[in-house]
Amino acid sequence: MSREEIKTEVFIVSEMEETGEKKKSKYERYVQPCLAEVLGTFILVFVGCMSVVGNSGTSPMQPALSQGLTVAVLITMFAPISGGHFNPVVSLSFYLCGEMDLFLLLPYVLAQMIGATIAAFLTKTLYPADLYTKLLGGAFVTGAVGTAMLAETVFTLILIVVVCLGGINKVTQSPWAPICVGLIVAANILSGATVSGACMNPVRAFGPAVAANHWEDHWVYWLGPTCGTLLAVVFIRVFLGDQKTRLVLK
Amino acid sequence: MSREEIKTEVFIVSEMEETGEKKKSKYERYVQPCLAEVLGTFILVFVGCMSVVGNSGTSPMQPALSQGLTVAVLITMFAPISGGHFNPVVSLSFYLCGEMDLFLLLPYVLAQMIGATIAAFLTKTLYPADLYTKLLGGAFVTGAVGTAMLAETVFTLILIVVVCLGGINKVTQSPWAPICVGLIVAANILSGATVSGACMNPVRAFGPAVAANHWEDHWVYWLGPTCGTLLAVVFIRVFLGDQKTRLVLK
Amino acid sequence: MSREEIKTEVFIVSEMEETGEKKKSKYERYVQPCLAEVLGTFILVFVGCMSVVGNSGTSPMQPALSQGLTVAVLITMFAPISGGHFNPVVSLSFYLCGEMDLFLLLPYVLAQMIGATIAAFLTKTLYPADLYTKLLGGAFVTGAVGTAMLAETVFTLILIVVVCLGGINKVTQSPWAPICVGLIVAANILSGATVSGACMNPVRAFGPAVAANHWEDHWVYWLGPTCGTLLAVVFIRVFLGDQKTRLVLK
Amino acid sequence: MSREEIKTEVFIVSEMEETGEKKKSKYERYVQPCLAEVLGTFILVFVGCMSVVGNSGTSPMQPALSQGLTVAVLITMFAPISGGHFNPVVSLSFYLCGEMDLFLLLPYVLAQMIGATIAAFLTKTLYPADLYTKLLGGAFVTGAVGTAMLAETVFTLILIVVVCLGGINKVTQSPWAPICVGLIVAANILSGATVSGACMNPVRAFGPAVAANHWEDHWVYWLGPTCGTLLAVVFIRVFLGDQKTRLVLK
């Protein structure tokens, strides 16, 4: 069995029509993926917010493992349905690498914002209001804005490099990709929690921002991850990708 | 090798007769699965109770990892024998998705209750009586009943979505499913330990309740997980399942 | 690809002659496995002792993960050479299930005792003498002997059930077995560290006992795991095994 | 499917030309691997330094998991491009086992030094200067030099044994090897953090040394890992390797 044979296609929406055993219905191609993104993002942000507000100390171990493991599980489970993005910049990277249609990008991002917002409100219901307001679910800039911006850029760059190598680039695609994405999320939070929270996901910040109506410096969590994603895609499409993914240096 | 070929059937009792290399005897079809559920649930609840009573601090890291890893290991090992449920609402979800015969449901739940009760008494033997009575193995409502009820519903919903997608729904079935179920148990406990304990399993609460003879609000750990399971099964059978699993929207 | 095809034989010494691509030399069949057991047990006990003496707090998280992950890695790596036992009662369980020749059992146990002793002395060299003597590498009875004895029996029973189901019993054999054995070691230590240390391995206690010349209640760590192993083997060979492994109830 | 068929070649640069579906261009054979080593080592050392400086307590859990998980992810992702070394002594072990051309060894080590240095300076930018200077990213000798030297030798020996068995030695090669290397890194840090930091990687120490201009005892982190690597390679090539890898005792 060659290396090529054990590759499994993960994350990839555009190829799903071909691999499905039966032809997919319109519901399965357009509506179901968006519903899956709502549910998956809900689970991810709910677990994330709950673990931050309920964290028993100052160590980021609890939120890091909680969110990293959840990402690993959710991508494994939802990848065949929606690609398992749960993150606007992951969807963006798939679009920029030619693996996702533009007309699905906006619905995906909307679905992710809806799921995240429901999750944040549910967390608010479960914890005493003052505790929630004090902690805000954990993705808010507490130090210098420039530092947070730089940290979000670099951590998202790392995340998207793993997403692109594991999920898009043929030579490096791997059945371990969903687990790897989850583990790198955990590792990044363990590394960067005290600087910017290592959010790496605009809707992970957006949900709690709506629920707490707290918008100060919120743009950092959209701009930082987007810059990191653009850098990662450039690295992949110029330097690291295989002959199909690379645009130059063939 | 296509995606379909690397799927492995996990959890599924009803298909086991067909995949067995030799025809299964009556003992292997009816008695052995129940014995496996007794032993597996015993191990799960024993490790769970021990880790809660022996927890060295207030952080849920120790009980969360202990129970999550044990769930992952036990499902991997016992799935070919009994499906690896160890949880009445997991058995219920298999029944509701048409993957388990009704006449096995009650014996399974009884087996799980027996295993859990033995485990709780053994934990009581190993720890000083006062320590056990104070901590009670950890699945008791400490805050508002409504909050605990809601939290159990949502966390069990998340668990059963993963169980159904990974173990029943053909399109998303995965050899990683047992590991994923264990990891989502760990993630949920890390997120919800301070609200309701994130029990997600009626017999995980039932065993310690018998050993401590403590029944206050015990119904929460049966009703909450059941509600979560019903919601998860509706999501799967109406929206997220594949053409075989979905009842509508074909 | 059927379930049967993706099984990999792990742990099993006696089948290695057949699966080797070339015929194994005498060196590879008798000497190399014992050297592998020396090196592997050295690594396991070294990492274990270092993590207990160097533990930064009272939480068992650090020793539990350190030893559990090391077990998982070592079994994965050494299984094709020696079966990856590193534990006299694991060797015993393979012998009792008919998967290991009797004349290899004693050399294996001797190899494990040698590796463990070297590891304990090296740990003693790396830490200040008083620190080592105070902590003794962590496998010593601190509470009631009966409690420790019972705890070692039950935790080893759990370990050996996983070893037998994952490595011997054909129906449940799994490529995940080495990882599962490591994870259940971690989970057991997280659960039982405060009761008996959850040693589950006579030589893990033997090495530090030699290095510290501390033999009080040492027999507990030989008798407890042996009782647990005998119970586990009875469960497997009478109730839980497949038609080949089960001795009765066919 | 035989054991041999499910082996995947990981880490191995020299075999990549043959397994590539299309013939590799010069860019892909010489330039891309070095770029991958720069990026991969940057990510590894960045996550490592950030997790040490930002560690919320004295426990090594946070840096250990952060770096171990990152190693696992990076090897999985970059192995098909560059072998996924990110560590001069890993490259050295591949060269000594005949799996890497000598003329690539120096460029690899240079690439790793560049990546590590960029990472250390970026960490310095993200944290307040005094915090960084005080903690120095964590790979500096704090106790006796001899103890640190011995500890680095033994921990690197363990790491390289896993690397060689998992990535080079045919009989023990495993698709789990990248994960195993990451897990043993985590386990080693959990065990040896208080003695020498369990660096096991010269450039992991080199980067922060440049950024902090702190060279006291820096040679320990080059000499210790090199000694450990030489010992590990001797073990593999003399005792533990298969008939192809072993030089003697055939």
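Letters A, B, C and D mark the chains as written, and numbering starts fresh at 1 in each.
Here is the rule we use: a contact is a pair of C-beta atoms (placed from the backbone, for glycine too) under 8 Å apart; a residue touches a chain by one contact, two chains touch by 3 or more.
All values reported here derive from a predicted model rather than from experimental measurement.
Shared contact partners of subunit C and subunit D are absent. The fewest steps needed to get from subunit A to subunit D, moving only between touching chains, is 1.
Interface residue usage between subunit A and subunit B, two copies of one sequence, is largely distinct: under half of the residue numbers at the contact are used by both copies. Chain geometry summary: the mean Cα position of subunit A and that of subunit C are 39 Å apart. In this assembly, the C-alpha centroid of subunit B lies 28 Å from the C-alpha centroid of subunit C.
Looking at subunit B, one finds that residues 1, 6, 57, 59, 61, 65 touch two or more other chains. Pairwise chain contacts present here: A-B, A-D, B-C, C-D [touch as defined]. Touching subunit C in their complex are the following residues of subunit B: 1, 5-6, 8-9, 19-22, 25, 27-28, 31-32, 35-36, 39, 43, 46-48, 50-51, 54, 56-57, 59, 61-63, 65-67, 69-70, 72-73, 76-81, 122, 125-127, 175, 178-179. For subunit A in complex with subunit D, the residues that touch the partner chain are 1-4, 6, 57-61, 64-65, 68, 147, 150-151, 154, 158, 161-162, 165-166, 171-172, 174, 176-177, 180, 183-184, 186-188, 190-195, 235, 239-240, 243, 249-250.
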